[in-house]
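Presented sequentially are two complexes of subunit A, the first with subunit B as partner and the second with subunit C.
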Partner chain A sequence: MPEDLHLEKLELFYQRQKVCGPINCRFSRGKINLVVGRAGSGKSTLLKAIAGFHNEVKGSISLDSQVFQADGNIALAFQNPENLFFNPTVGEEVCFALNQKGQSRDSNEEIGKKWLERWGLDAQKYWHKHPLELSGGEKRKVALSACTVLLPPVIMLDEPLAGLDYAGQLKLVEILEEIACDHIVLLVTHDPELLLPISSGILFLQNEEADYYEINQFIRNAVSSSDFYPLPKWYCQALRPFDGIREFPMINAASVHEFLQKKVE
Partner chain B sequence: MILFDRVSFRYKSNEETSFAIREVSFSCRQNLIHGFIGGNGSGKSTYARLIAGLLHPEAGKIEVCGLDTSAEDAQIHRKVGIIFQNPDNQIVGTTVEEDIAFGLENLAIPTNDMPEKIQQIAEEMGIENLLKKPVHHLSGGQKQLLCIASVLVMQPEWLIFDEPTSHLDPWSRRNFWKMLEILKQQRQVGIIVISQVSDDFENFDSIRLFADGDLVFTGSPEELKVANMADGLIHLPEKWQFEKLREAENA
Partner chain C sequence: MLITFSPKESFLYSINPVIKGLITLFLIIAFSVIASGPVELGILLATVVIFSLLGRVDLLPIIFSLRKIFFLLFIVGLIQGFSQGEFDFLLALEAILRIVGVFFSAGIFVTISSQTELMYFWEQTFRPLALFGLPARELALVMVIAVRFLPVILSEIDRIRIAQMARGAKLSGGFGLSAVKSLLPLMIPTLSLAIVRAGDLALAMEARGYCVSRSRTRFRHYRVEFIDLLGLLLCLGIIFALMKF
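So, the complex of A and B:
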């Protein structure tokens, strides 16, 4: 079971131009690890660098103090899953990595169907469909299933919430929370709100720099200053008078309302 | 004006599993931002494709600007521009300039007239400094602006955005809504935004909620806020839910 993925003085370049860095942080098991930032700040490049697809890097990446070499030990779900589908059926797409490992096709099918169901797709109905026939949200669920069938030590997801409806997003949170117990999960997102309760920290990439925040510190900064990171305005307005508190309520109506009621009492 | 008159439609290739649109009627006025909302597989993107003439109804009639979408495909394609969810699926040029020119070439605009039109639309979208840039060097937000410019240059009367905010960072989302408001005011176009991002809802002038192909709600954001929608049909913005809780407490 992996414990942590350590980035040390990691710098990312694109065509010799610096994109971001130095990045110094530890992504640990137990809770998920978020990466946020503006478009073009280097979030996806960071995932690709860890996955070994992007080599213009300086610094080091280590897994449990050993130099990290991506070699069957990571899964990466890309931003636009439909661009990468290449199998004629959903079933083959989901089971591709398992089949490459040479395990029995029957047991692979069982695992693949289990994951499709977990991500909210009826395996019976979708198994033989062409992946490109599906709606955007359904494609995303197929891509997530394909990413999770193997569950290597490091799981990386690039904007997995995009294109999912609310029910699908809740499902994602539930599954990731469980996976993070014994895997290192990195997740790039523009919508951290739902994920904050199951996250240990946030790596914020901006202006070629990278800062790692503990969750409450990140929220405190965003509540105190709208220039820091645009969390929902209603949340920041409601919490601004209390920005000295140690633990912020989750970013949903019920939690904030309950918090304010307790403060009044 | 867009008019749906008892429209029915279903995907024939997988008829046993897909949703069906059954005798649905509604209309959308120009100069408004219409939100088409619903969960995954609710049919909202199919409605957009029907309006754009990319799909045709099985029964009933769809009119866009007085034209029947089943009978006058070519005209409809000029009247309705779609900006897809993933800009990479839409960009065909190797540079920004070439991509904008592509639509003009299809409209058989004389080559001499193109540079002025390209410059004009690039300035309007704030991408005039990027005209010579290779498209693969653009950020996600810049690609989206390019797609809008490439569609707008053809002067459509309706613009359809398919989940435009789901891939944008929170800063770009705010800019997107400001830009849409300006487009509505200055261009006098009708705008349809397909979305399941609940924070988008209050930016719409009018909302249509779809579920399993059916139109289950039509009204303003304020009306949706107070409507008692069935559980699981739609997730209302947390802001609205918070306001409701506060109002109930104060009542």
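So, the complex of A and C:
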């Protein structure tokens, strides 16, 4: 499995207008790599550029020092899950990539069902349903499982938390933590606080520029000034007293809940 | 960049849809069959371009789309150039100018005509068929829907292709049977989605009171004005002048 994806002097353009860049950073496997930024900062365009779907690009992308050419070695879950659907049933959606690889249909169905269950959907119940008839959260889960079932070396997810309930978000974090051990995972999000404990770094896109931060440095900047990046108020207030120490304790809503419950008891 | 209607305010846009269609038809005939040399064809093409620019027509999408038929132009140029033994550049240029002229004329017509105008044009064109008991209005509607949905279907093909590639699927190309086989995963969902879309469209039309058997009224009335006839005469005049030239 590849070790890192290196972006060097990468500049993104949209209809000849510069969107962002130059981006210089190295996304590695082992932990998740986050991409954040305000709406329109170029996050989705960056993922599409790496996937080879956006060609207005300057600079270079390399995978383990080799020029990176997206060709059956990436998975990209779009922001809108409906954009991924083109089959009449959930089962066909999940098994599409497996079937394209030419394995036997029976074994693919078994793998697909297991993978769908892993994402928290009952395969028996959903297998023959039309993907567009599902709820927002269910569509998201089907799209994520259909995209990741092949587990290619580079996995990119565009705002995967959107539309998921809290249990679904925790499930996603759990699965991504596992996948990131062997794959390079890039994740675009507007709610990074849930993913910070399992991330190695953050690429922050703003004002046509891109800066890469270590997690602690990013939290320190966000906690000291809400103008830097708007993390939730409760998150910043909980972490502000730890500003002096080297590494911030990693918290999320679950740990805060646990702490409060202990206090009540 | 697709060639589609881009609304603007100018004399070209305000011409009666049937006259617009007739001018386009005469231009296409002139570019296709009139026996003239590259100079006359060049002058005609330049006149079309100048009038389009004066009429504020955005020619960029048409020029960009020309790139897609570049290979065809090259082949036609070669065949015509070598048609009399040694390569004749003027013959090659003449053939290329004919195709470019037809392409420009049709492209400009689509750019300056809204869906309603196109519908009106087709209706009037198919009108004589009603004499033989054929459903002229419905045929016109089919034509307009087909033209209207072509870009939608093309973008749908693109979306499905990207959705398949986004899952780590390798869409191999190749030649012959393997090329056809690689297209199947793309064509089957496109076709089934097009049928679903057609059903949705039928429902939407019926929900708004559309019925095949009833005669309908018209919201917009297009009258042939003096300026429209002047435009048509000007076009015919230029074509005849170039024929005599």
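In this text, the second predicted complex is superposed on the first by the 248 of 265 C-alpha atoms of A that agree within 3 Å, B and C clash if a C-alpha of one lies under 4 Å from a C-alpha of the other, contacts with A are read in each partner's own complex, and residues count from 1 in each chain.
Here is the rule we go by: a contact is a pair of C-beta atoms (placed from the backbone, for glycine too) under 8 Å apart; a residue touches a chain by one contact, two chains touch by 3 or more.
Values in this document were obtained by computation on a predicted structure and should not be read as measured data.
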Answer with first, second, both or neither: which of subunit B and subunit C does A:F27 touch in the superposed model?
neither
Partner chain in contact with A:F96 - subunit B first, subunit C second, else both or neither:
second
Would you check which partner chain A:E159 touches, where first means subunit B only, second means subunit C only, and both and neither mean what they say?
first
Tell me the contact category for A:I74 with respect to subunit B and subunit C: first, second, both or neither.
second
Quick check for you: in the superposed arrangement, does A:F204 touch first (subunit B), second (subunit C), both or neither?
neither
Could you say whether A:F248 touches subunit B, subunit C, both of them, or neither, answering first, second, both or neither?
neither
Partner, of subunit C and subunit B, that touches more residues belonging to subunit A:
B
Which partner chains sit in contact with A:F13 here, subunit B, subunit C, both or neither? Use first/second/both/neither.
neither
Quick one: is A:W119 in contact with subunit B, with subunit C, with both, or with neither? Answer first, second, both or neither.
neither
Would you sort A:F218 into first (subunit B), second (subunit C), both or neither based on which partner it touches?
neither
Residue by residue on subunit A, keep only those touching subunit B in one complex and subunit C in the other, then list them.
83
Could you pull out which subunit C residues touch subunit A in their complex?
159-160, 162-170, 185, 189, 192-193
Listed in rising order, subunit A residues that touch subunit B in their complex are 37-40, 79-80, 82-83, 125, 129, 133, 135-138, 141, 159, 162-168, 190, 193, 229-230, 232-235, 238, 251-254, 256-257, 261
The subunit A residues in contact with subunit C across the complex are 51-53, 70-78, 83-88, 96-97, 100-101, 146-147, 149-150, 152
Given the complex with subunit A, which residues does subunit B contribute to the contact?
13-14, 17, 38-41, 45, 85-86, 88, 139-141, 163, 166-174, 196, 198-199, 232, 234-235, 238-239, 241-246, 249
